[in-house]
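In the part that follows, the structures are each spelled out as C-alpha cells.
The following pair of complexes shares a single chain, subunit A, combined with subunit B in the former and subunit C in the latter.
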Partner chain A sequence: MKKKSLSLTAKDRRLGLMLLLPSIIILCAVIVYPMGHSLWLSFQNLNISNPARGRQYVGFQNYLEVLRSDDWWLSLLRILYFVAADLLVGISLGLGIALLLNKERKGKGVILAIIVFPYVLAPIVNSLIWKLIYDPNYGFLNGLLMQLGIIKDYVPWLAKPTLAIVMLIIANLWQGTPFSIVLFLAGLKSIPREEYEAAAIDGASKSASFRYITIPHLWPIIYMNVVMKTILTFKLFDIIYSLTGGGPGGSTTVVSMLIYRETFEYMKFGQGAAMSFLLLILVLLLVVIYSRMFKEEEI
Partner chain B sequence: MIKKNRIVFLVSLMILALILPAMAQSDNAVELNTLEGPSHVQFLAQRFQELADAKNIKVNLNVLPYGRDAVLKLVASFMAGGSQYDVFVLDCVDVARYASAGWLYPIDDLVPDSYRKDIIPFAKEGMMYQGKWYGLPWSSEWKSFIYNTSMLQKEGLKEFPKTWRDVVAYSQKLQKGKVVKYATAFSWAQKECLICDFVALAATFGGNFFDDNLNPLFNKGGAVDALQWMIDSIYTTKIVDPASLMWTEDDVQAAMKQGDIAYSLSWGNPLVRMNNPDESKVVGQVEIGMMPSVDGKHPYTVAGPMGYAISKNTKHPKEAWEFIKFMAGPEGSRIGLEREGYPAGWKSVIEDPQIQNKFPELKKMALQSQYIVNRPAVPWYGEFSVMLAEELHKALTGKMTAQQALDEAVAKTLEIKKAY
Partner chain C sequence: MKKRKSFPDYMEIFLILLVLAAILMPLYWTLKISLTPDREIRSLPMKWGVSRLNFQNYRDIFLSSSKAVGTAYTFKRGLGNSLIVSVVTTVVTVFFGSLAAYAITRLKVRLGQVMTFFVLLTQMLPPVLLVIPLYIIGNKLGLLNTRTLLIISYVALNLPLCIWIMRGYFRTLPSAIEESALVDGCDRLGALFRIVLPMSGPALFTASLFVFNSAWNEFLFALVFTSDLKAKTMTVAMAEMIGRFRTDYGLMATSGILGSILPLLFVAFFQKYLVSGITGGAVKQ
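Now for the complex of A and B:
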C-alpha cells in the first residue's frame, strides 16, 4: 500500500493561504499600516493645527529633540518608579495573596471574586473610585484615617508632588495586583503535591519547600508577570489622566502622558510618533534583558 | 394568477422603497451638522426644531464632551475638508488657532450694524482674531466673585472686601471665629482652570500677559505679585484650602454649595445654581460682588466667551449664518438666557428691564462686565496653556519661586512661539 505523504500539496497551501487571507488583510489594515504610517510620521515635522507650514521631512530630528528634552527623561524616570514599585510590591503581594488563597478554605471563591474585582472594572471606573477615595474633604481615606486617629487634619493627597506619585502607585497596584494573583494561583495549582510530600518526608522545612519547589515551578509565571507588568505599567495613562492630569507641578507626568500631550494637545504628530517609537524600543529592550536574565536563572 | 399578483406586489414594494426616501428629501430642507457639548441637549433639540419650522433648516446635533474631545474631532474634520460640521460652538481660546489655520468662515460682511452696536466688547473680542470676526456670542460668561453673606454676618462683616488685603483679613477673621475651616478655595488644578484664575488675578494686580507683538510680559510686575499672592494664600496666610491644587471649577462650586467656604469665583450666573435647593445648602445666602484687586481700582475678572461659528468649507454658508443668527443673535440669546440661563453677550438683552426683573443679579453682574479680560489670543494657545499651567503649579507646590516659575514660563513661551 502506498504511503500518503504528510507534506502539504500546493493545493492545500493555496487553500491555507486563502483561509488566512482575511485575517492578514485585517491585521495589515489595523496594525501594520498604522504602525508604518506612524513610523513615517516620526520622521516628519507635522503640526496639524498649523496647516500653513505643512509637513517637512526632518530625518531623525524628532528623535534627537526628544532625547535632548528634560521632560522626556524626567517622565521616563517617573514611569520607571511606577514599574519598579509594580514589580517589587505588586509581584510580591500577588504571590503572597495567591499562596494564602491556594489553601482550601470556606468562602475562598467569594474572596477570590472580591480580589479580582478591580481587575475586571474598566480603568476609568477604577480611576473615578480612587478620585472619591482620595477626595480631600469628602474622601474615604481621610475619613478613615481621621476616625482611627492617625491624622489630625485632612490631607490633600494629590496636591503634594511627592505624595501624589505614591498615591497613584497605590491606585495602580490595587488595579494591577489581581492579574498577578490569578497567574500565580494557576501556577500553584500546577505544582504536583507529591513533590511537597516527598520533601516533607525528607525533613524539608516549609521555607525550604518554598525555595526549592514552589519558586522553581513558578519561575515562568514570575517571568510572565515581570514582562506583562512592565508593558502594562509603561503604558499607564487612565489613572494619571483622571486623578492628577500630570500634576501637581508636572510631578506625575509619565511617558504616556507626554506622548498624549504632544500628539493630541499640541497636535505635533511627528514628535508624538517619535516618542512612541522610542518607548517601544525601550520596552522591547527591557523584555530582551528580562528574557536573558530569566534564561540564565533557569540554567 | 396568484404568482403574478405576488410579483406585481413585490415590484410595487421595490418601487415604493426607491421613491419614498426621495419624497422625504423633496421638502428642500437644507441639513446642517453641528457639534455641541453635552449640556442643555433638550433645549438645543427644541430650538433646532423651532428653526426647522421657521426657516426650513434641519440641524443634526452631534454631542461630544466639551474640551479636548471636541477640539480633536473638529480639527480632524477640518483636515478632512471642513464640511463635516457646518456650524459649531467655538471657545474663545481656539479662535486664533482655527482662524490662523483658515478653518473659520469670517462673518464681518454678514453682521448687521445693529449687532455691532449691541454686542458686549469682551464677547466680540473673544470671537475676533487679527481684526476679523468669526462668531456670534453664545454663553458669554465670566467669573464672578461670590460671597456667602450669612457667614460674613456671623463675624459682623457687613461689606464685601475691595482689596486682596481685605480678603485676607476677612478670611482670617472667619477662620479664627471657626465659621469656616478655609475661607475660600480656587480651581488651581494643573489644568485650564488654573490659567483662567491666574489671568484674572494677574489683571487685578495690574499685570499684563503679552505686548502687541506677542512678546510675553507675565514675568514682571503684577503677574508675579499675583502668583506670589496665590502661593502665600495657601502657605502663609492659609486662607485658601490646599485642596485647591487638585480642584477644578466644579469642585469649588460644590464646596460653595455645601457651605464649606465663604468666597469663591464662579462662571456664568452663579446664583442659578447656588439658589437651587436640589443641589445647594446655601439657598438665599450667596451674593455677587465685584472682584477684589490689589488697590481696589482693578476689579478685573476673566472671561470665557464662547460663540457659534461657521466652518470655512461648509456647503451651506447662507443657512449656517441663518442658524447662528437664530441661536446666538440677540433674540436667540434672550431665549437661551430665559429658558436655560445662558449668559448673553448682547447689551440689549442684559439691560432689558424684563430680563433684569427675572434675574435681578444681572445688574450686579453688568457692573463686573465692564472689567473683563480675555485669555491671550494666540494661535499656539493649546501648547502655551499646558506649559503655563505646569510652571504655575511648580510655584504653587513649592518647587520654584514665583519669579523662577514665570521666568521659565516666559522662556518656554518664546520657544513655542518661535517653533510655531
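Now for the complex of A and C:
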C-alpha cells in the first residue's frame, strides 16, 4: 500500500523534466550547438580579418589544407612526444611514489596534502613558478646546479629548441603526477591484504606478488591513467602559451597552440575549426585503441 | 617494542623527503622571490633565503588604484573578476546540477546515459573546439569581454561533472527518509529541498570545490573572451606578466602566491573531499 503512494506519478515525471531543463538548455547552448557551429565552420572559408569576402562553402578544403601542411604534422609529432614522455615517466613516477607512500606512517596525512599541492594550482601559476626556476640569469635551477658544481655556465633552459620541450615536459609532470599518485594510492588500498598473505605463505617472493597481485589489481587504474593523461596532454595549452609561446623557432608549437594561433592570430576560423575536429577525432581514436588493448590484456 | 630501522627503511624515508622537496622547492622559491627586495632578486650568486622580508610587492598589489593602471592594478582587478566569476559559476552549477542529478536518480528521467556521455565529452573535447564558435557567437551577442560569457561557459563545462558527483551521492542516500516525508504530505520538491539537499552536505561541498577550482584556474576561455579590466581574470593578468620581456619578477611571484592561496587552503583543510572527488569514478568499489 505504501509503495503505491510513492510510485512515480505523471506529475513527478513532469517535475523531473522541469528540474533537468536548465541543465539541458545550458549544455545545448554552450556545448552541443557550438560543436555543430564549429563543424559547419570547418567547411567554410571564413576570415574575420577580410570581411569583404564574406564566407563561402569550401567543402573539405580546410581539412585538406591542414593535412597537407607541415605545421600540422610537426605540431602533432611534438604533442605525441609530450604524451609519450608523460605516459612513460608520469605513470612510472606516479606508481613508484604511490608504492612508497602506501604504508601507514606518521604524518601520512600531511605528506598526502603536500603531494596534492601542484594538482590544485592553476596551470598558469605552474608556468609562472617554472619561469622563475628556469630563468637563465636568476633562476633557481641554474643557481642550484652551479652551487652543486654540475654546470659551469648558465644554461638558457627555454631558449634551446631541443631543451625547451623537455623543460616543459618536466614542468607539466610536476603538476600532473599528483593526480596519478592519488589514483594509484586509492587502487593500492583496494587490494585485499589476504591475497598478499596467502602468497607469502605459499612462498612467493616480493617481486612475484607485485607482478601477479599488485599489477593485475592496478590494471584498471593504469588504464584510467593512460586515458586521462592522453586526453589532458593533447589539450595542453596554458603552460606552452605562457612559457614559450610555441618557440623557440616553433619547437614547442603543439597542436592546441597551432590551432590558437591560426584562429585568433591569423583569423583563419575555418581552418582552426577543422584542426580542432581532427584533434578530437585523434583523441577519440586513441581512447578506442586503448580500450581494445586493455580489454585484451584483461582476458 | 621498537623495531630497529633497517637500511631499506632509511632509503624509503630519504626517497619520500626527496619527493616532498621536489614538490615544495618550486613553491618555496616563488614565495621567496615574492618576499625579496627588488635589488636582491637580480643579485648573484643565488641565495636560498632573504636578508629581510619585504612585503612591498604585496602592498603594491593591494594598494594599487585605477589612478595608475599598471601590472599590479590589472592583477588586482583580475583577482576580483576571478572571484566573482568563480563564485557565481559554483553557485549556479551546483544548484542546477543537484536538481538535474535528483531528477535522474529519483524521478527516473532516463537521461543517465546521456549525462555519462556528456561527462566524457566535456573531458575529451579540446576546449579550443568550443572557444572558436563561442567567440563568434559571443561577438554577435555583444557578450565578449563580459564576465557573463565566462560564467555561462564555465557553468556548462562543469555541469556534467557536478551532476555526476551529485548523482553518485544521491544513489547512496536511503530513499526511506524521503518516502516517509512524502507519506507525511510533503511534495517532491519539498522533499528535495528540505530533506535530500540538507543531507547531501559532503557531496555538495566536493562538487563546489571542484567547480570553484576549475573556474578559478581556467585560462584559455578567459584569454580569448576578455580584453580589458572589465572582465580579465587573474590567470590572464598573470600570463601577461609571464610573457613580458622585462618582467618584474617580484610582482609576478607575488601574483602567483596570491592566486594560489585559495586552492592551497582547499588542500590543507579539505584534502579528503578532493581526494574522494579525484578517485570517485576511477576506483571500483
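Some observations on this one:
Quick note on the criterion: the second predicted complex is superposed on the first by the 280 of 299 C-alpha atoms of A that agree within 3 Å, B and C clash if a C-alpha of one lies under 4 Å from a C-alpha of the other, contacts with A are read in each partner's own complex, and residues count from 1 in each chain.
Just so we're on the same page, contacts are C-beta pairs under 8 Å (C-beta built on N, C-alpha and C of every residue); 3 or more make two chains touch, one makes a residue touch a chain.
In this text the structure is predicted, and so the values were computed from the model without any measurement.
Annotation: superposed three-chain arrangement on subunit A; subunit B versus subunit C shows a clash.
In the superposition on chain A, contact of A:Ile289 is made with neither subunit B nor subunit C. When both complexes are overlaid on chain A, the residue A:Val30 reaches subunit C alone and has no touch with subunit B. Between subunit B and subunit C, C contacts the larger number of subunit A residues.
By the touch criterion stated above, A:Phe264 is placed in contact with subunit B and with subunit C alike. In the superposed pair of complexes, A:Ser276 makes contact with subunit C only, with no contact to subunit B.
Once chain A of one complex is fitted onto chain A of the other, the partner contacts of A:Asp12 are limited to subunit C, with no touch recorded for subunit B. In the superposition on chain A, A:Gly245 contacts both subunit B and subunit C. By the document's definition of touching, of the two partners only subunit C reaches A:Ser190; subunit B does not.
Comparing the two complexes, residues 137, 245, 264 of subunit A contact subunit B in one case and subunit C in the other. Per the touch definition, subunit A reaches subunit C in the complex via residues 2, 5-6, 8, 12-13, 15-17, 19-20, 22-23, 26-27, 29-31, 33-35, 37-38, 41, 97, 100-101, 109, 111-125, 127-133, 135, 137-138, 140, 142-144, 146-147, 174, 178-179, 182-183, 186-187, 190, 220-221, 224, 228, 231, 234-235, 237-238, 241-243, 245, 255-256, 259-260, 263-264, 269, 272-273, 276-277, 279-280, 283-284, 287. Across the complex, subunit A meets subunit B through its residues 47-52, 136-137, 154, 156, 158-161, 244-251, 253, 261, 264-267. Residues of subunit C that touch subunit A in their complex: 12, 15-16, 19-20, 22-27, 29-30, 33, 41-42, 44-46, 96-97, 99-100, 102-104, 107-109, 111, 118, 121-130, 132-137, 152-153, 155-157, 159-160, 163, 179, 182-183, 188-189, 213, 216-220, 223-224, 235, 238-239, 241-243, 247, 249, 252-253, 255-256, 259-260, 263-264, 266-268, 271, 274-275, 278-279, 282-285. Subunit B meets subunit A in the complex at residues 68, 72, 75, 79, 97, 100-102, 189-191, 241-246, 255, 260, 379, 382-383, 386, 389-390, 393-394, 396-397, 399, 420.
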